[in-house]
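In structure tokens below, several structures.
What follows is chain A paired twice: with chain B in the first complex and chain C in the second.
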Partner chain A sequence: MKRKSLAILLSAVMVVAGCLAGCGSSGDDSTPAQTQEQEQKSEPAAEGGDEAEAPAEGGGSNLDESLALFDEAVATLMTTDGHPMLAPGVTFDVPAAEGTAEELEALDDSDSAKWHFYEYLDWDESQDAEFPASPADGCKGKHVIMIVHGAHAWTTCFSEAFEQACEAVGMTCDIYDPNWDQSTQDGYIDQAINEQPDAIGVIPVSADHAAQQFKKITDAGIPAFCVNTTVNADAMNYVMAFTGPNDWYQMRTLADSLGEAMNGEGGVAYITHNVGGSPYYARCYGPLTELAEKYPNIKTLDIQSPGFEAAAVKQVVADWITKHGDDLKAIVLADDSDQAIGTVEAIKAANRSDILVVAAGISKQGAELVESGDLYMMSYQSCQGDAGLAVRTMAEYFNGVDISRVSYIGTDVINKDNVADFTPCQW
Partner chain B sequence: MSEQVNNNPNPAKVDTRKTEINKGIILFNKLGIWVIVVALVVMGMIIAMVNGGSFFGASNVQSILEAVALQGMVCSGLIYVVYAGNMNDMSIPLTMAMAGMMTVQSINLGFPIALAIGLLSGVCIGLINGFMIGKLKANPIIWTWGFNLLLSGIIRVVWGGKQLYADSVAADTEYAQNAANTFYSISRTYIGGVISLMAIVMLVLFAISWFIHSKTSFGQKLKLVGTSYEAARFSGINCTKVVTMSYVLCSTAAAVGGIFYAALRKTASYENGTGYDFSCLTCVLLGGTLLGGGQGSVVGTLGGVLAYGILNNILSWIGLGTYTKYAVQGVVFLAIVWINTYSERKLGKG
Partner chain C sequence: MERKKIKINGSFLNNNRAYLFLLIVLFAGIFRNNFFTAFNINSVTGNGSLVMWLGLGFTICLIAGHMDLTVQYVSTLAALLCLGLHSRQGLPWLVCILIATCMGVLVGLINGFLVTKLKIHSFIATLGMQFVLRGVMYMYSPEEQSIGRDYTANEALNGALIPGVPFSLYFLITTLVIVIVMIFMRNTRTGRNIYMVGGNLETAWLAGVKSNQVTTVAFVLSSSCCALGGALNGIYSGAANISMGEKGIAPLMIALTATIIGGTDIAGGHGSVLNTYISLVAVAFLRALFKKTEMQVLVIAIILIACICYETIAQYRKSKVLGTRPNLHQEYLKEIGKG
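Right after this comes the complex of A and B.
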């Protein structure tokens, strides 16, 4: 009987506790979009103090403060290798495609026209969604959510730089990392929309899947920014702005220098990025088409995708050296760390110092290999600059400045003579 | 009552089933994966000849051995876990990563001490795995997979998701910088200018592994535990100790691989060793070790490792594209596993 009473008492206590907890949590969690929106909107006012509460014409003093903060950040915030982190983006004119996507697909791999829709974000602007207008009240106090693609040393560097840049222009941010998982990233998109931030940035895990992600964000009335990784043309209809590296351009630039160093003769082999991603096409077919167009006597010997393990790359390169012998004059790499180490080790083991190696950069390993002369050249792709350009574009949007739909970070060709200008490396 | 009529002209029943066992099956069962290795070598020689090269050229042999050295190091220990009937050690990737991180982090203490600390991290991981699986009977796959995640989280939290460079971690003293340089050099040293130290370490680990497996009482006990855990237990064998030891050997071998891996790529990172759990298991299974345990050999595992490397080498000689390579590798591996299983069944072993 006592046990029964005790059980009833315990059950009653649990029910009451449950109700209380439920009430409490519903109070806290009842952050339906509107509530959160109010909270978000109140943040600028709180941070901006009295001035923000009484905005003047055209955005008021918060805008003035934001512009001042922005100018100061642009002038003072530097990457660890000494370059402006919030440098303005670079834009390119998109040439007309020489046919439909289907027609171009039939062209030879060495024809640059084939890759038009891979290289350029050439989308039909008439299909653009209705983007939210800029509040033009200043970036100070705005809250943004950045959803990256996955854990990696590059991502850590990017995230830190993004936070630093946001802080410098008076914005706050949250960064979500789905660890390379598509469905987790989709979940974070939903979560971010529910939190109603002032903007959402995404580095898509998959270019093919990005259209749905950006459509969701834009349909929710939140400005969507695509960062670092290019997406399919149909996704751009829902992207307020893309910022990131111009892989194609920088690899073409690298190929120009390589072709010149080869005197327009010899065989080139390519180690690619992960098959199917945008860097795969850009870092392989960018230089391949450039060399084919400008140096017709340079032949493509092989294209392989052994991944990013130095030992696996080393075997592929060692096999190339044995198989192609003196015909192999140069190797183009999609990565300047593990791929470069594997390649250089294979070349050293075979005593073939005549083989020129170029890579997309820039990592510490790559910079050291350029310094030692083992890596002939590499491209400069600033991780912190990538984060900086994303923040700059978002801040400009909040400040009411017209932003480009597509803007790229600056690039450079790094060789033994100028490598010191790009060190210490960012990650 | 009707009488049944026997129409069989031969009243005595003759068993006409085929009992003769194909000699090829017997040969394959005895020599195992080495038949495949020899076949691949012959194929490699022909393909290299057609391409105007030499399969047995120093650079080609070096290339094959170096390409499989890291996997081989890990396989020399993984075979104990598989043999004991615990299928796979899913914590191999982060064991490798942790060993690299610990070695680089302690590089200021000098290379030998840093190396010892890296190896010790492997031993500790093995002990934890062994205790949980051997003593507390945790599911080996679920536990090691979960532990892999835990290690990943620990590394990311402790080092902030960053890569560690030995020369950056090393203090600005000659002693520390020398230690960092020595660390980098271990994956770049060629004995006699020809054979890489990595390949030699792999072969030494296989030799030690063979000795432990074949010549020690632990090896004998392991065979019994792998064949029948309950029978071993009732025979008075301390199964917990045997299973724990198998994990310690596995994680220590993985730690050796992890240290060389970090030295080769000149950086320690949580992503070092990604994919080694399955690629190494593939080599162990190719070598004839059964996933259920109790059958296999260290020599066979070495054969599996070499077959993996030689096949890659041949496919590069042929010049196949990446996708085709994957397809061919898959077909060859499935064929080897099928032949293994078939020969075992035919001989009544499977």
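Right after this comes the complex of A and C.
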């Protein structure tokens, strides 16, 4: 009887464990074919002539085949709004800082010099870690892990584009989503290192904490790519390459147009991104410093961080309208979806159509609001292009091409006249 | 000497469900690639250590018959304080940890005062205290984050103390403290009094136990453990932010889940720090089984619901037997192996 109970218990344990293991594996998006390809890839690549580098039908090596795949993907893969997904990145020379980080920190918030180390990835290259050398054996068959920041419509679009771009260049990928939680992202970084992929990409939840994360990846001998969100200068010592939007530049460009529309007069209030992340600084202090320098008569009325819920944003804007009255001439938003919806609702409720609203874009809601005239302007930041540039840089690294340590996606200012060129929206 | 017979039945499984849970999770790990590597074991147990501290605090208070909803916030504030004092004031790590732990003692004393002297229900008192702590955190760290730039301390806590043993120093400290608290709860008068106060306040009073004092000790022990764990976690991860755990799976919820899985009675008086610890180790490995956060949340929630359902049904059956014929209860206890 006792033996029977024990046998039943052990069987039950095995069944439940099997179910758990099955559920756990379901997170692995690799198809059996991809898994097989992965296993082949893990064979010593440099030796050549083994099955992993089996010659392509045309007779080329894995590298030749990868280069052909890459060229084809660059030429054919398009974003949903009709722009090349794997377009090359934009680079530029970083201007010299006007002091040390400590000296600049003491400057006024409206002085653009203060934000030098936030705006530019200006790090001491002599402190760079030893990065793993490119295998230069082709991107085809490589497996990468992308750790995003959290659940959002933008992230879904990014993840899908990343998978699409990886597939186009012959790579496989897993995407981990820590749901905006710092400690969960730390856990995922450990998990990713444990999986021993060919590269790890991270969109850091926190710019400040990124140094620890990238150090861990680089110390494990895995190339680390920072995507979308810029990090502190000391983190760049452990980052193989950064790719993403130039948030500061696009928000400054937006601020230029806004200042002109305001005739250089009036008050501006700001709704920020999540506090601590790089978009928080870029989308608030980028336009703020630009307006302060070029339009000294434009005043900053307030800066608030109510998050991304339309109702919370609506309340903040309604309070501003009550408090500042006619002084409030414009609102700068870090997000063109829920933040824009809340803002527009508050403005309509107060019947203050004279308030100009600009935002960082571009989402479906944002494009609709620009078309309807509720949103005066927004910046163009291609989500799929962002994913594409990350994949392009990783593929170039595997292909043995010299990659730039920092490269940005292109940008534009969207208004009612040209919004059709950027639709249908990516997310 | 008569050997104690082990009968494998529903009661046995229920009493040892934490161990069974761990066994299932570890068994499932066999089917996953790279699950039992030294790196994975080190990182899973290290990353899961914070909730072990929270579970420890929560269990102590629950045994005493109270809820301590401040555990997560005490640990976050302690982490912010510890990193902040080190990076802003340049204090040595040990002093920072000590100050953070003292903060925990203070919070425990306040919680104890609110519950024992002002007679506020612990749920309400600690819920209110949560907001106070959040306010303090925002005042202390307006940018929501404190960073520890000292990689030496960070690497020391991440590193293995004993070569070849795949556990970080942080996890070993956590385990050591849990063992000490377990011994305290089982083998000291104050520890046993915590069980008595939680089980039946009237009996405790009749037995001459100073229930207010014991309750305060439980809160102080809970908060100080959480503060110590939070401070160490800040150094271990190199960062602390106010919203820690709020957008993923809240550490407080994991601690609560593990406490219940570990068999601690929600009504108080019964429970084990060790069982909570085992449950939390199992939860840490369970999370590593899944790559997707939503799956982690779902599975943990299902296990919690299953445990609560079992507890409720068992309670109902017990009440039914007791209400009909009290003498039958003794028979019932014998039948389930508790007689």
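The rule we apply is simple: the second predicted complex is superposed on the first by the 367 of 427 C-alpha atoms of A that agree within 3 Å, B and C clash if a C-alpha of one lies under 4 Å from a C-alpha of the other, contacts with A are read in each partner's own complex, and residues count from 1 in each chain.
In this text, contacts are C-beta pairs under 8 Å (C-beta built on N, C-alpha and C of every residue); 3 or more make two chains touch, one makes a residue touch a chain.
It should be emphasised that the depicted structure is a prediction, and the values quoted were computed from it without experimental measurement.
Participant: Output check: A:Asp208 vs chain B and chain C. Expected answer is one of first, second, both, neither. What do you get?
Facilitator: second
Participant: Examine A:Ala312 and indicate which partner it touches, taking first as chain B and second as chain C; both and neither are also allowed.
Facilitator: Only chain B; A:Ala312 stays clear of chain C.
Participant: Once the structures are superposed on A, label A:Gly373 by its partner contacts, choosing first (chain B), second (chain C), both or neither.
Facilitator: neither
Participant: Applying the touch criterion given at the start, work out whether A:Trp320 contacts chain B, chain C, both or neither, answering first, second, both or neither.
Facilitator: In the superposition, A:Trp320 contacts chain B only.
Participant: Based on the superposed arrangement, let me know which partner A:Val275 touches: chain B (first), chain C (second), both, or neither?
Facilitator: So A:Val275 meets both chain B and chain C here.
Participant: Check whether A:Thr156 is in contact with chain B, with chain C, with both or with neither, and answer first, second, both or neither.
Facilitator: Touch partner of A:Thr156: chain B, not chain C.
Participant: Does the superposition put A:Pro95 against chain B (first), chain C (second), both, or neither?
Facilitator: neither
Participant: Taking the two structures together, which residues of chain A meet both chain B and chain C?
Facilitator: 275
Participant: Help me check something: in the complex, which residues belonging to chain A touch chain C?
Facilitator: 2, 5-6, 9, 13-14, 16-18, 20-28, 150, 174, 176-184, 186-187, 190-191, 193-196, 206, 208-209, 212, 215, 275-276
Participant: Can you list the chain C residues touching chain A in their complex?
Facilitator: Where chain C meets chain A, its residues are 7-9, 13, 20, 23-25, 27-34, 37, 39-40, 43-44, 47, 50, 143-145, 147, 151, 154, 237-239, 241, 243-249, 286-293, 295, 299.
Participant: Considering only the defined contacts, which chain B positions touch chain A in the complex?
Facilitator: The contact residues of chain B facing chain A are 48, 51, 53-54, 57, 59-60, 62-64, 66-67, 69-70, 156, 160-163, 165, 168, 188, 190, 196, 261, 264-267, 269-271, 275, 309, 312-313, 316-317, 319, 321-323.
Participant: Considering the complex alone, what residue numbers of chain A touch chain B?
Facilitator: Going by the criterion above, the answer is residues 151-153, 155-157, 272, 275, 302-306, 309-312, 314-316, 318-323, 325, 337-338, 341, 345-346, 348-350, 364-365, 368, 427.
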